[in-house]
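Which chain is which? They are A, B, C, D and E, in the order written, and residues in each are numbered from 1.
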Amino acid sequence: MASIWEYANPRKFMTTSEVVLPWTVGIAAIATIGGLIWGFFFTPDDFRQGATVKIIYLHVPTAVMAINAWLMMLVASLIWLIRRHHVSALAAKAAAPVGAFFTAIALFTGAVWGQPIWGTWWEWDPRLTSFLILFLFYLGYIAMWEAVENPDTAADLTTILCIVGSVFAIISRYALDFWNQGLHQDRFALFDGESDVSPVFAWPLVTCLTGFGFLFVALVLYRTRTEIRARRLHALLAQERLS
Amino acid sequence: MTLKVTDLSVGRGGIRLLSGVNFALVPGQALVLRGPNGSGKTSLLRCLAGLTPPLAGRIEMAEDAIALAGHADGIKAQLSVAENLQFWAAMFGSANIRPALEAFDLIPLATRRAGELSAGQKRRVSLARLLVTGRPIWCLDEPTVSLDTENVARFAAAVTAHLATGGSAILATHIDLGFAAETLDIRQFATPREAQQNTDPFAWDAAQ
Amino acid sequence: MTLKVTDLSVGRGGIRLLSGVNFALVPGQALVLRGPNGSGKTSLLRCLAGLTPPLAGRIEMAEDAIALAGHADGIKAQLSVAENLQFWAAMFGSANIRPALEAFDLIPLATRRAGELSAGQKRRVSLARLLVTGRPIWCLDEPTVSLDTENVARFAAAVTAHLATGGSAILATHIDLGFAAETLDIRQFATPREAQQNTDPFAWDAAQ
Amino acid sequence: MKAVIARDLRLAFRAGGGFGLALAFFLIAVTLVPFGVGPDTDTLRTIAPGILWLGALLACLLSLDRIFQLDWEDGTLDALATAPLPFEALAFAKAAAHWLTTGLPLVLAAPVLAVMLNLAPAAFPWLIGSLLAGTPALSALGTFGAALTVGVKRGGLLMSLLVLPLYVPTLLFGALTVTRAMGGFDALTPLAFLAGLTLATLAVMPFAAAGALRVNLR
Amino acid sequence: MKAVIARDLRLAFRAGGGFGLALAFFLIAVTLVPFGVGPDTDTLRTIAPGILWLGALLACLLSLDRIFQLDWEDGTLDALATAPLPFEALAFAKAAAHWLTTGLPLVLAAPVLAVMLNLAPAAFPWLIGSLLAGTPALSALGTFGAALTVGVKRGGLLMSLLVLPLYVPTLLFGALTVTRAMGGFDALTPLAFLAGLTLATLAVMPFAAAGALRVNLR
């Protein structure tokens, strides 16, 4: 019977992802664009914040995905560490720039948002700062991949880095809370009784969240395929040399 | 203290270089690896020393049996020759370094800064380290490089003495070692092209 | 293009090693320096190449005539073999590197990262650099180290070709170079003890 | 293990080994700050704890590349790999040696600089305490970073990129201890956190570092 | 000379060469400051110019050891000594390459960080201007320091000791330009001084560096 691990075989992965990719792209496109349009043009302005509240449709999804991206990298790295599936290592490598990109957008939109709300572009608020640190971890992780020639060595080193980094990212988050009490919006539950976001805002937000989720998956799939092709090229060249 | 290698295959940089390597090294035996540049001698020695994990096959020997002397000297320029050897003696828990110094005529250089030694003098220091380790199996990568004839003779004497006391040695070289030993041409283990493929998961159905 | 050395004395680390070195190197001539470890071959070559100023004596030759290949390879690990040679070609204003690559059979390795080469392969790259410099006088310090017989032959061919085109070479070595050349034993220039003293201004009336 | 520490200390004392260099860097870096931010004493006093901690941190950082790089380049690590000493112990010994040659001197020198930045006298013991409790973690994390980047030529900059984010919690708690002490608030809690963090780091880091080393030696 | 610059740039872009690392370090170093001195916006604003300049300075410093050390270790310098290119030109080329891979990126990134330390908008052009005028001097002085310490194994720390004092005037005028612009005073005079200083440095430094190199090669 077919075990899930078969998909970790590069060849199998290429064939499967070829089929899956278009669908994810499609859903991502529809949900993201739809959600954003819905959010931007078909929701009333917020009574306190006015039109600026609409940034939330970019800001929150990117922010949430930025964190999930790192989690996905962690999982992929662990799979590589335990089962030595090359594809999962490459998937982690492929996810890093995407995650960094989302983080950057979350920070940027946040900054743009903070301008009208807090009257300043940047606050050393724990939430914001911890995201900045997350961004730094992304940079380090990417740099490590770049720096090491041998792909397997790089995969192992980045795995160790990713694990240690995750631990310290969490520690610093708590350290930061201890350091400075923030202005930033707390985590909120979207649909419980005393929700601070009325369903009017909530539904398009949920659409955007799903949209960005699929967008992430699509991007990672795409980049993983590229990485695999690069590795294949490398392998084939290596063989040319030997004959 | 025998070293037994069965169906070993060795890789470097994601490429399988050698496969089906089989040999045994018994106490008192010296084995010389021969092969053209880039054939995989260094890689094989590093694999035996446990630095690179083998791609396949088994290496059977006692724990902590191997001492390695590679292309690089492993000498600290700031320390004197004696201090360098003392450090290794401490690491391998052997008592005095005097015999090692004498074996390679390093007594006159003992107090010199290792950084101020000539190529051949450095080489002698790194060879003296082998005696200090007290390990039975020596893995030597081109040990006689930049040694003059006199010191090649010293090296040969040291190796034969080591063999006489039940030690063994496996050496990679292109030049004369100063003593007779059976040679193992590693070209016979060079990986054929079709075997090459299935080592790398990314090289599926490559054109032959 | 003759290199003329008169009454040269060479030091290293504040010690006078060689004194009264006299020899001439005419186009088409190759001179092999022989001497035990630590006798001063490398120091002499570095002095001829103008890296260390001579303690005394004269070195007469044309400007920019010398190319040096020392113990160290002078190769950038991150660059490919071809890129390494191209850099040197640009530095010495010579046009194409292809002949150099061919002379040492480096065409198959041209696109490889230099860091991933074996000892002998690295050596070949650093020897190929000599051809790229287009300099008439080669100073080579143990050029054939860790080369297999086949590549020693290539090296010999390269040198003889260089000599045939009016070039000259001075080589330090302990091992076979693959071609015949007159040798210069530098032990005859070793500084006697009494001469030793008055070089160092702080060593006045030391015990004989 | 003692042998490794002893050798590293000796190397540090030898020419070019640079014992006390970290100290000197600490001094210079901190003295440069007034040039940058201007001589106003109140500003200096307020930022003193942060500056001192940042200075110590950078001084540590700059001496990290000594930890493994040389041993790797000259083949010593290859030989050590075949030695009976496990890499975990090696990593720990290296971290210890680094702290003795870098962290400890910084702790001793900090008060002098604190005077220059006229830190509030009440905060002095807390400064020393926090540095004592914090710097070992800096050395341990640095050893890990050094082990990760040992294969990379001139990995110094890359290493700092990897290590500095790991330094954040230590820096936060360390500086916070002093600032709070200066303001007369409870400084014990952050100090406790700091100590705990350091102990945890010391316990775990050798294994991570050893893993990285093994990978890099392949 | 072009060949040297081209090669150094290529090396910088290659794996492990670490292009953009200086940038990342700059980012981190500046980010760490608030952790040290506390999140208070006003304090940060006042010290912003100094911090930005110090950050740039340290980022330069950390990338200096790449300049000559590797070429020395692998024998490239020996070979270059016999090449027709004089050491003066070599030193200049090295400095130029270092600035292109380090100084220039810093200049471009500074505004972003200035926002985070909420520097007064009026001072932005002056920040960029002063960095543009100042960083070449940092690279040139750094090249000199690198040439002096090329013989010393892991001379990184020693080099920073030698170089940092040389950096003081540049730092002074650079930070002063921005602070004054922030305070609304005349910032042109320090900027002019800075530019003059840089030009003088660029004119003289290659010769000093070349001399140091020759001595170290003996």
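Methods note: a contact is a pair of C-beta atoms (placed from the backbone, for glycine too) under 8 Å apart; a residue touches a chain by one contact, two chains touch by 3 or more.
Because the structure is predicted, anything quoted here is derived from the model rather than measured.
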| item | value |
| --- | --- |
| Neighbouring chains common to chain A and chain D, by label | B, E |
| Highest-count interface - the chain pair sharing the most C-beta contacts | D-E |
| Chain whose Cα centroid lies at the greatest distance from that of chain C | A |
| Centre distance in Å when chain A and chain C are each reduced to the mean of their C-alpha atoms | 56 |
| Centre-of-Cα separation between chain D and chain B, whole angstrom | 37 |
| Centre-of-Cα separation between chain E and chain D, whole angstrom | 24 |
| Separation of mean Cα positions, chain B and chain A [Å, integer] | 48 |
| Interface hub residues of chain D, defined as touching at least two other chains | 16, 70, 73, 152-153, 155, 158, 161, 164-165, 168, 172, 218 |
| Where chain C touches two or more other chains, by residue | 71, 78, 116 |
| Chain A residues counted as touching two or more neighbouring chains | 133, 136, 139-140, 143, 147-150, 179, 241 |
| Chain E to chain C touching residues, read off their complex | 2-4, 6-7, 10-11, 14-17, 70, 73-76, 78-85, 217-218 |
| Touch list for chain C against partner chain B, complex | 13, 35-38, 42, 71, 116-121, 123-124, 142, 145-151, 174-176 |
| Interfacial residue positions of chain D with respect to chain A in the complex | 144, 148-149, 151-152, 155, 158, 161-162, 164-166, 168-169, 172-173, 176, 190, 193, 197, 208, 211-212, 215-216, 218 |
| Chain A - residues contacting chain B, complex | 9-11, 86, 150-152, 228, 231-232, 234-236, 238-239, 241-243 |
| Residues of chain E touching chain D in the complex | 16, 18, 21-22, 24-25, 28-29, 32-33, 35-38, 43, 46-47, 49-51, 53-54, 57-58, 62-63, 65-66, 69-70, 73, 152-158, 160-161, 164-165, 167-168, 171-172, 175, 179 |
